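Both complexes below contain chain A, partnered by chain B and then by chain C.
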Partner chain A sequence: MKALFRRYPHEWILVGLLTGLLLAAWRLDPPFVSVGTQAELSTHIWEMALLTVPMTLIIITAGIDLSVGATMALCAVVLGMTFERGTPVAVASLLAILTGLACGFLNGVFVAKVRVHPLIVTLATMSAYRGIAEGLSLAKPVSGFPASFAFIGRGEWHGISVPGLIVALAMLAAWVVLNRSVLGRFLFAIGHNETASRFSGVPVDRIKLLLYSLAGTSAGLAAVMFVSRRNTAKADIATGMELDVVTAVVLGGASLFGGRGRIVGTLLGVLLIHETREYVSWRWQNDELILVVIGALLIVSVLVNTLLTRRQAVS
Partner chain B sequence: MTVSFRNLAARRETGVAVLLGLTVAVVAGLNPAFVSGANIRDMLVQCAPAAIVGCGLTFVLLTGEIDISLGSMMGFLAAVMGLATSSQYGNLPAPAGIAITLAAGTAIGLLNGVLVSVGRVPSIIVTLGMLTALRGLTELIMGGKWISGIPPGLRYLGTGTVIGVPISIWVAAVTVVLAWLFARETPAGRRIYALGSNPKAAVLAGLSPTRIKLFVFALTGFLVAVATLVGTTQLSVIESGIGVGFEMVVVTSVVVGGASINGGKGTILGMLLGVILLGIVRTVLIFLNLGETSVYWERAIQGAFILVAVLMDHLASRRKSAEVPT
Partner chain C sequence: MKRCGWLMVALVPFVLFGGCGPKPGTPDTGGKKKLTVCMLPKKKGVPYFTSCAQGAEEAAKELGNVELIYDGPTDGAAEKSASMIEKWTLQGVDVIAVSPNDPEVVSPAMRKAREKGIKVITWDADGATDAREFFVNQATAQEIGYGLVDTMAKDLGGAEPEGEVAIITATLTAANQNAWIKFMKERMAKYPKMKLVALQPSSEDQKLAFQVAQDLMKAHPNLKGIFGISSVAFPGAAEAVKQAGKSGKVLVTGLATPNDMKAYVKDGTVKSVILWNTPDLGYLTVRVAHDLATGALKPGATSIQVGRLGEKKIEGDNVLLGKLLVFTKENIDQYDF
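Entry: the complex of A and B
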């Protein structure tokens, strides 16, 4: 037990916070902690949860992708506009995902080949992709998708939520890559020391290109899920999504300086943000308070983690 | 320092200045009203807040840190200013409102600085948290209502003119000149460059990273307060959405102007050129008469400008490194 705690201090802090929150919620508002309520509320997080998967991998390599929200918006607009012009919705969805791939690939080219800091690249493409989405759609929404399309965003398969299944598979795949594959070791190596990795023959550029393309593709898939669930495609969807995603990953214990990050931590980060947000809005019906709580949660959790690891290093 | 042509061509400021000059020349050629006094004044007024805050952010980037809480900070400070001075709330006189706003801005900046330099939390995390938390706090203290009844003394900062030039332009000009002198001519300014260029050497030379970082974050908070005072008093009401996206405008402008987010590189002149280049995009689109839908492309063009700027850098540095014999 003690060894387990030593090994995963950050995860235990998150589990503690999450348990404390749910216990308090159960004491104060028992209906909130029921299975039915939780299942209903869970629909709010699938897109965010999906995007935390590639973001975790990218942050482990000391990168970041701020353009995921904008990419999602552009993919949604492509989906909406091609559908509006008579393309079958399945083909339109595929086009949306390909658009995401193209957006992510462009990010990857700038990061890996032009060697610009990912923060700058994705800050630029965040404006660019959102701007293209606004320019193409003139900010007009598209709706009226067929009922069968809703399957991806809120359907069920043998009683399991379809978007939930997609997220679970993505997380499982990322866990296997990080913990049981050479590629996973390479990601940590790049994050720890990129130059040394290059000299050791790690294909750094190819891996980065792959990671950013993966993030773009996931944003495309998230856009399809979002449009399917809400039945509307618009250029202003997923505004601020990148901040939520980065917050969840960092809350989960990944270091923005690279070399550190776990999928389990990210999952806990997503759950903690989600439960906090839903509970605050359930109890106080106050969306503003949520922002304050989440912002403070982010700073405090990293501060505590820094203080703990520093003391450990001293002792 | 000798100024050679090659030296000049390799600098980001030159590239941005050329891009800016070309843009202005082309648009003015197509529509002379673009360079009329009134339009130039309007464009400069729009650029003023970003130029003021850009001075602070340039120093933050020079130390190798970043501040993305600027937009929410501006929204929060506008709410504080409004609640303190509005005839329906605090009803304090304008000078007191100015003092409170400046003090609050400095305090928030200092808090960022303490968390970064004493708490050792990465600045992107601290300011990301602040970006979220301050926006929520702004909406909480405003209670979903707009604040009106701002005293005329404060409104004057946003709407008044001195010798025919709006006050916000004066303030921005003075701030930029002071920041430029500070960066180039004072020991403190050089220490900031030293810390960013080589943190280890700076510490060995006896500089205190903690104090320098506290200073640059507090300065940025102070300058956001200044920008709030001259930038948000142009309208008669204060709403909770003030400053949304402002941090992106300032960060991208400073980066387009040549500052490196790894620290040690960046100038006030480059920042100013970047702010103006990105700030006039919307006006350019309007004056090009491409139809009313063209302004929807503003953000796409701003994003493209940044990518072009970094690509130019990449090509320039590749040519330069190719010339070096190995």
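Entry: the complex of A and C
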């Protein structure tokens, strides 16, 4: 056990925080912890959870993608507009995901080939993609999707939530890549020292192109899930999503300087943010307070983490 | 070191426990005796809705048995509104009063709340009619459209008000604004010498409204009046006219809270501001919510007694607040919202 703790100090802190929160909630508001409530509330989190997967990989390589929320909006608009013009919803969804792929690929080209800092690239495309989405749709929402389409965003398969299953599969895949594959080692290598990786023959540019394309594709899929769940496609969805996603990943223990990050940590980060947000909202009914609490949570977690790693390094 | 780390993890839940003790005055949403009324604005933290909340608080205090929860998305995101309705449904509150920022997104959640036996009403803006029992309507589109044009006519003065006018709206797809514009055009037939020369969107952006107003004054040198028909288009247009030194020459009128427009009314850029009494709207909403929950108000009723507001008319399932307010130099200081 002690060895386990020493290897994963950050994860244990998150587990502790999460348990503490749920225990407190259970003592003060028992209905909040019930299975029914948790199942209903969990529907609020899937898109964000899905996007944390590629974001974890990108942050491990010392990159960042701030355009995921805007990409999601653009994909939703593409879905809505093609559907409105008579395209079957399955084809429209595919087009939306392809749009996401294209957006992500473009980011990747600028980051990997033109070698602009990802923060600058995705900050620019964040506003560009959002602008295109607003411009194309003229801020007009599209709804009236067939009931069967709700399967992706709200449906159940053998009693398991479909979007939950999608997220679980994505996380499993990312775990395998990070822990059991050469590509995973390459990601950490790039994050630790990009120049050295290049000289060691790591295909840095191709990997980056792949990662940003993956983030775009995930945003496309998240858009399909969102539109399906809320039965509406419009240009102002997922505003600020990128910050939620980055917050969850950083809370999960990934370092923005690269070279560090775990998918389990990210999962815990997502859960902690989700439960904190829902519980604060449940108990105090105050939307402003949530922002403050999430901010405080992030600072405390990073502080404790820094403190622990520093001490470990000394001892 | 090892022990120290374990200690920290072990301490965490207790720290949280300590911090989360029941606080006096937090809403007991599970309570049976008090009616829990949840009021959802389109966007929390903007002056218009905050002023509505003032009136809602007042009604809740007056009634005594109402626990008012006023909360909404600080960023105005419709999906967050829907999430909040879903949360309140799970908590089993008594009434949910919604100002939907996107009926398509919010209505499914409202219907689900109704299925669970929660009373749902809309206020400020309407949603799908089958998703709520009553709509607390501050003013009909006709009243607003006619009111705007009549006010402009009065401000321009003369037996036959004359001049070119322009409208700055929110977006070209905004449902509320489009309904008003329809009635504005209808009413302009009464003033043959008032000529509408432009209709421009400003997408709920005050800076953009400012620019649009500047461009309009350049493109139409004979412009005599501008309607700013959203709460940001109005101050944006007024500022543009003021900075161009045309205060009094180009009249601006529209819908906004009096506090936002006081400065412009006092320096003469704006002669009249039109709005309903927003605290009264909040007050009426909570009263309707209360009566609906107690059973005093039933579908089909034609009027309702609402405390200090007296009797209010109900048309179909619309509870009408009635009478627009016109704020001018003379009376604007009496209002603080």
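One rule holds in what follows: the second predicted complex is superposed on the first by the 315 of 315 C-alpha atoms of A that agree within 3 Å, B and C clash if a C-alpha of one lies under 4 Å from a C-alpha of the other, contacts with A are read in each partner's own complex, and residues count from 1 in each chain.
By definition in this document, a residue touches a chain if its C-beta (ideal position, glycine included) is under 8 Å from a C-beta of that chain, and two chains touch if they have at least 3 such contacts.
Since this is a predicted model, take the numbers as computed values, not measurements.
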Chain B versus chain C as contact partner of A:L303, first or second or both or neither: first
Contacts of A:T125 with chain B and chain C, given as first, second, both or neither: first
Touched partner set for A:I237, first chain B, second chain C, both or neither: second
Contacts of A:F257 with chain B and chain C, given as first, second, both or neither: first
First, second, both or neither for A:F83, with chain B first and chain C second: neither
Which superposed partner A:L138 touches (first chain B, second chain C, both, neither): both
First (chain B), second (chain C), both or neither touched by A:V292: first
Touching partner for A:W175 - first (chain B), second (chain C), both, neither: neither
Shared contact residues on chain A - chain B and chain C: 138-139, 286-288, 291
Chain B to chain A touching residues, read off their complex: 66, 115, 119-122, 124-126, 128-137, 139-140, 248, 251-252, 255, 260-262, 293, 296-304, 306-307, 310-311, 314
Chain A residues within the chain B interface of the complex: 110, 114-117, 119-121, 123-132, 134-135, 138-139, 243, 246-247, 250, 256-257, 286-299, 302-303, 306-307, 310
For the chain C and chain A complex, residues of the former touching the latter: 1-2, 4-6, 8-10, 12-17, 20, 22, 26-27, 29-30, 38, 44-45, 69, 71-75, 77-80, 82-84, 86-87, 90-91, 102, 104-105, 108, 171-173, 203
Chain C partner contacts - residues on chain A that touch it in the complex: 2, 5-6, 9, 12-13, 15-17, 19-21, 23-25, 27-28, 31, 36-37, 40-41, 44, 138-141, 143, 226, 230-232, 234, 236-237, 239-240, 278, 281-288, 291, 304, 308, 311-312, 315
